[in-house]
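Shared between the two complexes below is chain A, which pairs with chain B and chain C, respectively.
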Partner chain A sequence: MSAVLANMQGAVAPATTKAIAPSRGERPWTFYVLASLFALYVLALYGPMICIYILSFQDIRGGLVFPMKGHSLHWFVDLFTQVRTGDVKGSFDRSIRLAVIVTIITVVISFLAGLGFRRRFAGDAVVFYMMIGSLVAPGLVLGLGTGLLFQAFGLNASWYTSALGAQLSWTLPFGVLVMFAVMSRYDRAWDEAAYDLGASRWQTIWLVIVPVLAPGIVAVALFGFTLSYDEFARSLQTAGSLNTLPLEIWSMTLNVTSPSLYALGTVTTIISFIVIGASLGTIVLIQKKRGRGAKD
Partner chain B sequence: MAIERGDIELAGVCKSFDGLTNVVDGVNLKIADGAYCCFIGPSGCGKTTILRMIAGHEDPTAGEIVIGGQNVVGLAPVQRRTAMMFQSYALFPHLTVRENIAFALRVRGMSKIDRLRAADAMIEKVRLTSFADRLPAQLSGGQQQRVALARAAITEPRVLLLDEPLSALDEQLRVQMRQELRRMQQELGITFIHVTHTQLEAIALADLVVVMEQGRIKQAGPARDAYAHPHDRYVAEFMGGQNVLSGRVEKVNGASFVLAQAAPDGIEVPLQARAKISVGDTVDIAVRRDDVTLVRPGQTLPAGCSTSLPSRVLAIEYQGYFVKVMLDTVPDDEFVAYVPEKTFFADPLNVGDVVLATWATDRARPLA
Partner chain C sequence: MQSSQTPSRANLAGWLYVSPLVLVLVPFFVAPILVVLAASFFATDGFGGLTPGFTFSNYVEVLHSALTLKLYLATIKFTVLTWIFTLIIGFFVAYFLVFHVRNQLLAIGLFLLCTVPFWTSNIIRMISWIPLLGKEGLINQALLATGAVHQPLEVLLFSDLAVVIAYVHQLTIFMIVPIFNSMARIDKKLIEAAIDAGASRFDIMRLIVVPMSKSGIALGTIFVVSIVMGDFFVVKVMSGGGSASVVSAFYEDVGVLQYPTAAASAVLLTLVLVAIVSLILRTVDIRQEITR
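Then we have the complex of A and B:
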């Protein structure tokens, strides 16, 4: 009897050790396959950019390809002092202004669309698909069409008219889609509660809807800004005689053969990071302000 | 003209959302100033719609809503001096407890110092002082409910409307908050209208219970009336605690009539106020479950019992202070006896036992 028991214990023991094995930190082989796949993906994503940033810090002997020759900020100085490299400062200025205008219009219209689409109305699906339909159109074709339309009406194409319109056809659908996602978490009972407590429509918007949705609104603004700031295809045929920054960079790639092109890439990236950082910082600040009561 | 009293009168109030069917269908009701009124009914019976119409969040399709002597149809909630507590509480997620409670004063343009002082006083009243700077998401369900109550009460409304206020809480908290609601109502001295689908909640709280079905009021009266003296089969079954039997009238003699049933001598029922019963009618009668006594066959019936229905025990549920015995007394309908715990365990029954279900003749009541 006791022999049988001992036998059973012996038979059970190996099974137990086997079952415990995976928790000892050994990873299945699939982990290594997926991890290398991810590493390749990250390399493909950031490798090209990092090449540009590295090469922009060469000294005066620098060329367009590796190996790197020395290190200095020469090409950054060159970028802002040399006229032959193109109108970097002017185009940067225009791009920022355009992006700000686009951001404001995108935020306001997306917010209002979000408010409008909270309840169903006749033809809401048609309106919705018309709004996001322009996402399907190829940007170059849409830009070309906008240019033609302005010509047909006898209007001059410029960055603040035709290019603005063409860019909005790109940023608005995105803004509206993000806003819908944000709005889906808004409880209509908050509106009713505000009304019940005596708030006017305006007070409800300013004291309840806007603050509740603030993080989402910042996200929409960020979308609008970055999409506009590096928009190329739609602006190409609509910017008129004065270039936006992406168009300027593109024309520089055709005739500038110095690392100042790379310096420009580095500078614009830094600007993007500042904008994104500021936006995320704002969101974090909003959340933190809300959470400040949690400390007691 | 400011509304000073919280008495409410609904006159022929109808509401239709699609123009075809009335969700609320010709409701007439008077609620006294300072009463605690519970609307009760299954979901979709129109009770919440009535509440929202009194609150000013829906307009009636027809009829008048009078608060404190003034027809308030078309007025904003603030002008009606009503305040609503929403089912989800609808606390503003970006505002602290104090700011939530002060919101109504803020939109009225009261200075920050004054409104926060008033809010703090209210916070004390609902015993949330240590939570004043928290956000709603950092509170428990019961605390959120107290914030919602304080936020609604700070404008000193004459009528407070509560939409299923306890449905989001667990059982223990529900009983506790129930007492708190009643305490607040007495403290504030205003009319409370409370919508629920739980009959225990309604009878525990209300001065006036309004039982609804499909947009109509089936019975409105004191809690004890609705529970102990239901008008008809619907109210009896909805409020619970009653056995409803139906049958054809065999005999009418003076003060009582006899209902044909599977009992040797039928069921004898006192006539009471209902005099329009004649032989051949089909009538519903109600017998309270706690009035039913179970006797083993062969034993003598208790005094005053003229009816005994042979039944088989289908199921037994122990409920603590009483035992719920389910019987096959009448085909199709449920028949239940609530037997006091001590009585039951003096001679415990088992499933399948045959017993006689009997009750004092004067405890049976005819229904409309």
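Then we have the complex of A and C:
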């Protein structure tokens, strides 16, 4: 995913054409085979999701499978009004608040760590592998450890303390890795230029590094928000008595066998799409503005 | 300031920048792992109470149980199958995007199309297979309509097959991204030189593309293996309770407050994971790979 954002910058920066296939003339037969494979992959990627979005708009007779039984918003209303489906509204609220907090912390810490990792320092490998470890460790095990730790200190587990920390242990490695990819395109000569013009360290960060890296920072925010908003395994043992949305969905998959489950899927995916669209739109906007500035 | 900095000042600055990261990872990654490690040596009263102590009995119990072997075999089976499918699909999707799509903007667009679901809920993407694979699902309806089968197939949902399908569906992206990244860095001139030297397209694939995508494959493998081995909810939901993996058994143990045995099993799993990941890391410098 970091590649994409790096590449989006490449699209505006000097063009590096990576198409290695003959750029003109007949396409080889493998093109058609691989194009079909790609189309099938995309179909399998989106097909099932689209099915549940369609099925969530059934009326009261609706079931879990096709064919569609009528059209209505019954299951969406059901979702937010029925006690049976749990506290969907509250968990929505908590999940979004938590995701915003996680996003802010992830952006700040990842940015600073990205600055730190630009040059080697004694013990940098320890921090790096600690981060990789946090990324690959089984989430449920980490969550249990965090839960037990809070118990041992006599603290209550809650979504804004233990679950916040547990989610950061998941979003930060992603954020820092994206930052690495973004920083690798930053030329340190720009720092030198800023210092030569009399900028202080803070001025260099605020007036040079942050604006240059803005698209990458938006990307880190996208990771922070969506990974937190959908995080499940690490929150399970750490969220305390009040559920976040993925936990609510999890308990619904075990109890609820009505299309309200699909309706919840539709609603939460719409939120994800809004966030993804806003982030990618912001990145494109920044790039466009720059492209224009360069031409003037 | 750069060149005049003494090494100790540079070290201090580096640590200052990463200190917030360390301040989060120590209490929420290092400490929990140590707590689980400690708990694996504790004794229990069987009702969730832990008695600090030092006993190997939890490990003995885990290692002596026939269930452990079964769980590991099941986990390894899921991991290997998922790895093979994600690798094949991921490699060819990345290959198609890098080497066959001529318009770079289109390639980026198609790449984004593949990554968007990564930013949506895994649980929702998993349950979205129900209307397709279920006993009355679309696939069975189609098969019955064409007369290919006379009874609806029951193995489609709530089976090992469904588990692997859900994994491949969720994790192929973790192969596509790093492989795409390595392939996009292959110099076009290298391929042209190979063509000029008379290499067939198969030779180019075998001698240039595959070796130069190795680091991407290694990175993708780390992601896929660690996620499948650490997963429990796909196994639990998609197998309909019929199958279990090491972590899903861990989840059940925690549910009945058997913390020490759960912890011992988690420590063993972590050791296996660390061994696999460090084996892979010997073939690729992951840090250089990412920062390059």
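The rule we apply is simple: the second predicted complex is superposed on the first by the 256 of 296 C-alpha atoms of A that agree within 3 Å, B and C clash if a C-alpha of one lies under 4 Å from a C-alpha of the other, contacts with A are read in each partner's own complex, and residues count from 1 in each chain.
Rule of thumb we're sticking to: contacts are C-beta pairs under 8 Å (C-beta built on N, C-alpha and C of every residue); 3 or more make two chains touch, one makes a residue touch a chain.
Treat the numbers as computed from the prediction; the structure is a model and nothing was measured.
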item: Fit-or-clash call for chain B and chain C when the two complexes are aligned on chain A; value: fit
item: Partner chain(s) touched by A:S200 [first = chain B, second = chain C, both, neither]; value: first
item: Touched partner set for A:V208, first chain B, second chain C, both or neither; value: first
item: Touching partner for A:R290 - first (chain B), second (chain C), both, neither; value: first
item: Per-residue contact with chain A, leading partner among chain C and chain B; value: C
item: Touching partner for A:E192 - first (chain B), second (chain C), both, neither; value: both
item: Minimal inter-chain CA distance - chain C and chain B, angstrom; value: 5
item: Shared chain A surface residues [contacts with chain B and with chain C]; value: 192, 195
item: Touching residues on chain B, where the partner in the complex is chain A; value: 55-57, 76-78, 83-84, 86-88, 90-94, 96-97, 103-104, 106-108, 130, 133-135, 138, 151-152, 155
item: Contact footprint of chain B on chain A as seen in their complex; value: 187, 189-190, 192-200, 203, 207-208, 211-212, 214, 290-294, 296
item: Complex interface listing, chain A residues touching chain C; value: 1-4, 7-8, 11, 15, 17-21, 23, 27-28, 30-31, 34-35, 37-38, 41-42, 44-49, 51-52, 55, 64-66, 105, 108-110, 112-113, 115-117, 119-125, 127-128, 130-146, 148-149, 152, 165-166, 168-169, 172, 176-177, 180-181, 183-184, 188, 191-192, 195, 201, 222, 226, 229-230, 232-233, 237, 246, 249-250, 253, 261-262, 264-265, 268-269, 272-273, 275-276, 280
item: List of chain C residues in touch with chain A within their complex; value: 1-2, 7, 10-11, 13-18, 20-22, 24-25, 27-36, 39, 89, 92-93, 95-105, 107-108, 110-125, 127-132, 134, 136-138, 141, 169, 172, 177-178, 180-181, 184, 186, 188, 191, 201, 222-223, 226, 229-233, 237, 247, 250-251, 254, 259, 262-263, 266, 269-270, 273, 277, 286-287, 290-292
